[in-house]
Amino acid sequence: MNTLAEETSLPKESESLWGKAWYKFRRDRTGMIALGVVIFFMFIALGVWAGLWGSGWSNVGGDMWAGPSPEHWLGTNIIGQDIYSRAIYSTKTAFEVGMVVAILSTILGGILGALSGYFTNSWVDELILWLMGVLDSIPFYLFVAAIAYALQGYPYSMHIAMIATFWTTTARLVRGEVIKLKNFEFVEAARAIGLPQGKIIFRHIMPNTFHILLVQATIVFVGAIKSEVILSFLGLGVVDGVSWGLMIAESTQEVQAGHYSNFLTASTFLFVLVMAFNMFSDSLQDALDPKKVSA
Amino acid sequence: MEMLQYALRKFITGIPLIIGVTLISFLLMVYFGPDKTYELVGKNATEEQIQEIRHQLGYDKPFVARYLEYLKELATFDFGYSDSTGERVNSILKRTVPISLALITPGFVLGNLLGIALALVAAYYRGHWLDKLIMGGSVVGMSVSFLIVIIAFQILLSSNDGLGWFPVRGWNVYSFWDYLRYITVPTLATVFVALGYNTRFYRAVIVEEMGRDHVRTAKAFGTPPGELLFKHILKNAMIPIITRIMFSIPLVVISGSLLVESYFGIPGVGKVTFDAITTGDQPILKAVVGITAVLFVIVLILNDIFYKLVDPRVSLK
Amino acid sequence: MTQPLLSVKDLVIEFSTQRGIVRAIDGVTFDIMPGETLGLVGESGCGKSVTSLAILGLIPSPPGRIVSGSIKLEGRELVGLSESDYRHIRGKEISMIFQEPMTALNPVFTIATQMTDVLMRHQGMTRKQARNRAIEMLALVGIPSPQKRIDEYPHQMSGGMRQRVMIGMALSCNPKLLLADEPTTALDVTTQAQVLEQMVKLQDELGTSVVLVTHDLGVVAQSCSRAVVMYAGRIAEESAIQPLFQAPRHPYSEGLLKSIPRIREEKLDELPTIPGTVPDLLHLPAGCRFVDRCYKADAACHQQEPPLEWQNNQAVACYHPNPAAGSNA
Amino acid sequence: MIIRACALLFLSSLLLAGGCSDGPKTTGMKVYRHSLNGSPTSLDPAQSATIYANHVVVNIYDTLYSYKYLARPYQIKPNLAAAMPDVSEDGLTYTIRIKKGVEFTDDPAFPDGKGRELTAADFVYSLKRHFDPKTRSQGSWFWSGRIKGMADWKQAGSDYDKEVEGLKALDRYTIRIILNKPFPQLVHTLAQGYSAIVPHEAVNYYGREFSVRPVGSGPFRLQTFDSVRAVLVRNPKYRKEPIDLAYEGYDEAIHGKFGIEKIEGRAPPLVDRLEIHFIQESLSRWNSFTKGDEIQYAGIPKELLDDVLARKQPNVLLKPEYAQRFFMTSGIETGFVHTDFNMADPEIGYNKDKRREEMNHALRCAIRYAFNWHERNKRFYNDMGVIFPGIIPPVVPEYDPDGPKDSLEYSPEKGKKLLEEAGWTADKLPTLTYGGVAQVDTRQIFEQYRGWLTKIGYPKEKIVFDSYASFGDFNKAVKQAKIKIVGMGWGLDYPDAENTLQLFYGPNGSPGSNNANFNDPEYNRLYEQSAVMQPSPERTKLYRRMNQIVLDSCVTISGLSRQEILLWHKNVVSYPDRSIVGGFHLKYVDIEEAGK
């Protein structure tokens, strides 16, 4: 009955979510530090990719379990490979795994989630929900192992397995969001003026779920590199090259004999990256969460 | 009674799920899983022997026939004999599942209870240093790889270089005392890892509940904090909490803790399953997958029933 | 002059947000006399709800905190009161009704539980007594067959019913003061009227003082004897109902009044509204907070905040107030 | 709170369920806790392909023959058989008498639950089983084509009622075996777990589960068995045969320090309970061993060798702190590790194009030059393995200590030169797939190998690790000749080089044991010729010629026999052995004081 209320509450909404988010994020110290660390690791990875460093990871020149020395900063493993450059090289592996899995599973989850959310209680929704239910009910390692065999030899079997399992969470979240969104005026409007559904879903609805996708992507990234470690330990992980997982797997026996370098190096790298990513992802969540007023 | 009917109805709707899980996994193991034949042939095998074994393993039957067989096995809960040891799958499960449960449960329960406790504290002191401390801790916990934790704990607590208080590995449990000695390290590791995730999750849930209007109302009517937290907030927070716990149960029961078991050499179902995966012991895999799927459906049902118990708004229609 | 039941003096409340410290309440002062109904009026975000929460000591902290000022209940200082002491006041001496009847009641407990808990806590009743009292109250707030409905869950009731339950609950320990925060906003028009009536009636019977927080002057006109008009965390005008509605002295009050539709008038041209928007509390204009939206604004208004000045029990914070009712100019 | 309650309830119920299983009343019992670095899957003698399986099988079942407890090199002796076999002039007919009154352990499989007497017919049955497809035998290759009439019997559908001419029970206690052609190693095969004697009642009663419910006449009977351990208990009905140490090959100088003399004249088995723990991770195993009583026998993990040993050469010596806690023996394994080239692969092996075939030969020899045995030994075999040229390992009598060592030379230069001469260039070189199970050490061995190959100018990206997640799949790839380079180990079944020479016998090509798919007419001829000969200087000469052929054609990089260092607790009276058959010594093991 009184027009003031709406009128005055309008302008707050109209500020862009992203603008605000970035504004908030910039003020979040831990978030910025975390981001810095992540970028640093990414830089290392790029360097390896470009062949600037870490290329010597496979040389077997060195001594057996040599301690730290000028030419081998962090010592060597049993067959005399330089642990430092192996760890460095593994950074690339980690990002490879993380990126591929995060990006693809997010896209997959986003699209399927949007579809099932938009066509709720249609056969599309039913089908997708069923698929998600099924994938969630297969024990993870069994599933990964199966895929790993399925694509034995292919370097990407592990990635595919992870993607196939990780997308469901994203999909569920997106689905929920889309169900909320699709009753909003702007969607109604779009429908009213007879836009094709494809356009509505992907032009009008999807963009409003990007904040979820972004956060999910970071979470999946972390999940991926952590799973890689365990899978590599179980012999289902990285096929060629080297990864922190392989290094730790390698170290599981050594550590009991007091050769800690392999173990400590790999797990430190892993821990720092994962930690940074977690913190980054948290701050991102806070920044993107419209409800959050303050710390 | 209405509940029973409901459960039945629900179970029937759960059948597609079971079909899906079994079908997909069976496809994977039949067409892509490792080929058992070559584990069974001798050092100096002949083509003939290889064919014989393939035949005995049923590898030469058409897929559909084998799948139907599988469904029959699942329906009758008789999965035949392991392809590696020849032991009855059921007796294998009967032997290993209890061990896994005994191994995992303490960590699982502790992980959740502590998680909830810490979450309550953190949520109650939201924004204060205590909250920040707990949350910081849980992020750290989340960031350490399970494998690393296991290795570290084994060195620190079990090996001679460390304290050497607990058995390094194995499972020679004959008394409650043995039991405690053998589960301590795995349990600690499990809790350590689970705690981070749980605390965060539960805190989020509880904080959300705290923000609800009715909580403010309760406050406005002078409800003391204890009552507020445990009666008004926790009862409402129950639903997500229960859901989370419920849905982690099937995997805990069946795949056990594969990592812990294979690292500590504990003959639980997790280890058996993994060996089955790597050696392509299909009868065991079929059992494990099938049972997991069924458990999931059951959990779905229990979960809904639980909703009803907690939340009057939910009706089992 | 009798001493006020509750007196708020120079209350200042700040919220720390990521964008900086926001001063949500900036020196608010008013009294509530026993048995009277005071309207607390203003647009959303003007601080009226914050004020009422402050009275109950429910300002979420962090981020909010009371910087200065005092809130006295019968001369007893409430600011800085310990949680446990406050608990004995909440629901017993001061109780509150909230805007959203849908969510304000706990969905997982029956009405009985929620009401009896309060009674048992504050009146030391047994469950049995408490239950009877609760049923009494429900009957009082006009809930049909209360002894049956008392065992229902909130979701089984209509919005109006729930709000009545809230009122019943609020009054069950016959408090001295009832804070009603937009009690009817969420209800449809007809229910609004009924609920409001119900409230006023009870208040007369029980002699409770009421602070009615609302953005809806219509409601105020119906039920209040006095009103405080707030704008952006400060009091713009305070006055008895009659003069306020006859001759609002503050241009803002004037604007608010104009924006109420009057059915009586024949020619209904579209509602006049106040131009502009509520200022961001972080970036208040220099001088009068209302200056940017005020048709009377001049250089002086841009200089500094106008003080709240009394003129025969009608206070206004403006350099160019409209003439008071009766005074001819 | 609801969940807390449930949880606790749940937990407590579990303790009953999983926590407290059957407790052993070990008080006053002699318990010996053995350990192995791998676990058997099946305990069916017909499937006892691994030493792990044999460790259990030969202690639960009886074999006709066995090896003497202490005598090295190994000497065969009668076990269930009353004496060594009577062999006809032509070496084709064996007549074996078995001991009377030997009974199977009591088991529900038998009509009245009482184990009946073991007779010649049982042996006949047990050997026939290998040729019954249902048995899934892994040992039939010992006898296939050798026992007269067995092939036909199988053809006819493996009907146990039908007789096999070459395998008969003449009477209750006499066995007669007739061979198609002489098979000097026959007696050895009758000491294998494969030839252990099983009662048909049990096989039929337990069906598929017979593999985990063994019923035999051996010194022990099985109590529990799973993937981490097997628990055996004394078989009270086991025949009393006092130990004659002199006969068993007792030598004061060697065995004196282990207190073996204490068991003179006692009748095995000497312990009441025998636990065998299967522990893959060598260090977990070591920790478990060095720590109290968890296990009483183990090897030394390579990671710790320098911490434990005071000296490696000429003879192994423990550091005092260990020497005072543990007994130790060391010796080289009866087997060896080698890396084969798959000759069936035209890119490195045989090729229609003769020119290319020569190039491949050069390539193989070049790769052999790149192979650094010393490094391999140092990093993976404690620098204690014995490196020898070819495929006749030092443990067998036919070994030639002063044969030509050139095949072991490490010289990247020569390798490079060889490649160039043969006309190989980086882009021409084929991609080498090195097959292996995806395990840490396999991967490390591969990476080391790749490191060396780059030194002869082999492009790194052309050397790929073809990893298989399971041994089954790896074995499949090998048996289907899909992998170019195969790293393998061979454990001898019996101390006769014939057992290793057959690895390169053409007809044994994939899926047989000849993983290299080596098929050389001359070699094959010599093999067939020597296979029927009794041990003799002539035969040794043939053996060595065959060895030379293998070396000259660069089909394998070989070989290294690992040094085994075995430790056991001081309160254990034992002379451990894990090489031939495996586990046959366990019945002689004794414990000083009974378990508390």
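All chains are identified by letter, namely A, B, C and D, in their written order; residue positions are counted from 1 within each chain.
The definition used in the following text is that a contact is a pair of C-beta atoms (placed from the backbone, for glycine too) under 8 Å apart; a residue touches a chain by one contact, two chains touch by 3 or more.
A quick note: this is a predicted structure, and the numbers were derived from the prediction, not measured.
Between the contact lists of subunit B and subunit D, the overlap consists of A. Relative to the centroid of all protein Cα atoms, the closest per-chain Cα centroid is that of B. More inter-chain C-beta contacts link the pair A-B than the other of A-D and A-B.
Centre-to-centre spacing of subunit A and subunit D amounts to 47 Å, using the average Cα coordinate of each chain. One inter-chain figure worth recording: subunit C and subunit D are separated by 89 Å, centre to centre, where each centre is the mean of the chain's CA atoms. Centre to centre, using the average C-alpha position, subunit A and subunit B are separated by 23 Å. Between the Cα centres of subunit B and subunit C there is a gap of 53 Å. Counting only residues that touch two or more partner chains, subunit C has 62-63. Under the contact definition stated at the top, the residues of subunit A that touch 2 or more other chains are 145, 149, 152, 235, 252, 256, 295. Looking at subunit D, residues 281, 284, 287, 469, 473 sit in touch with two or more other chains.
Taken in their complex, subunit A has these residues touching subunit D: 58-61, 64, 77-81, 145, 148-149, 152-153, 235-236, 239-240, 246, 249-250, 252-254, 256-257, 259. Subunit D makes touch with subunit B in their complex at residues 1-4, 7-8, 10-11, 14-15, 17-24, 41-42, 44, 47, 49, 133-134, 136-141, 144, 208-212, 226-229, 277, 279-281, 284, 287-288, 290-291, 294, 469-473, 475-476, 479, 502, 508, 511-513. Those residues of subunit B whose C-beta lies close enough to touch subunit D in the complex are 34-47, 49-50, 52-53, 56, 81, 84-88, 95-103, 105-106, 109, 112-113, 158-160, 164, 167-176, 179, 234, 238, 241-242, 245, 265-267, 271-272, 275, 278-280. For subunit C in complex with subunit B, the touching residues are 56, 58, 62-63, 83-84, 86-92, 95-96, 98, 100, 103-109, 117-118, 121-122, 153, 155, 166, 169. Interface residues of subunit A, counted against subunit B in their complex, comprise 130-131, 133-134, 136-143, 145-147, 149-152, 222, 226, 229-230, 233-235, 248, 251-252, 255-256, 258, 263, 267, 270-271, 274-275, 278-279, 282, 295.
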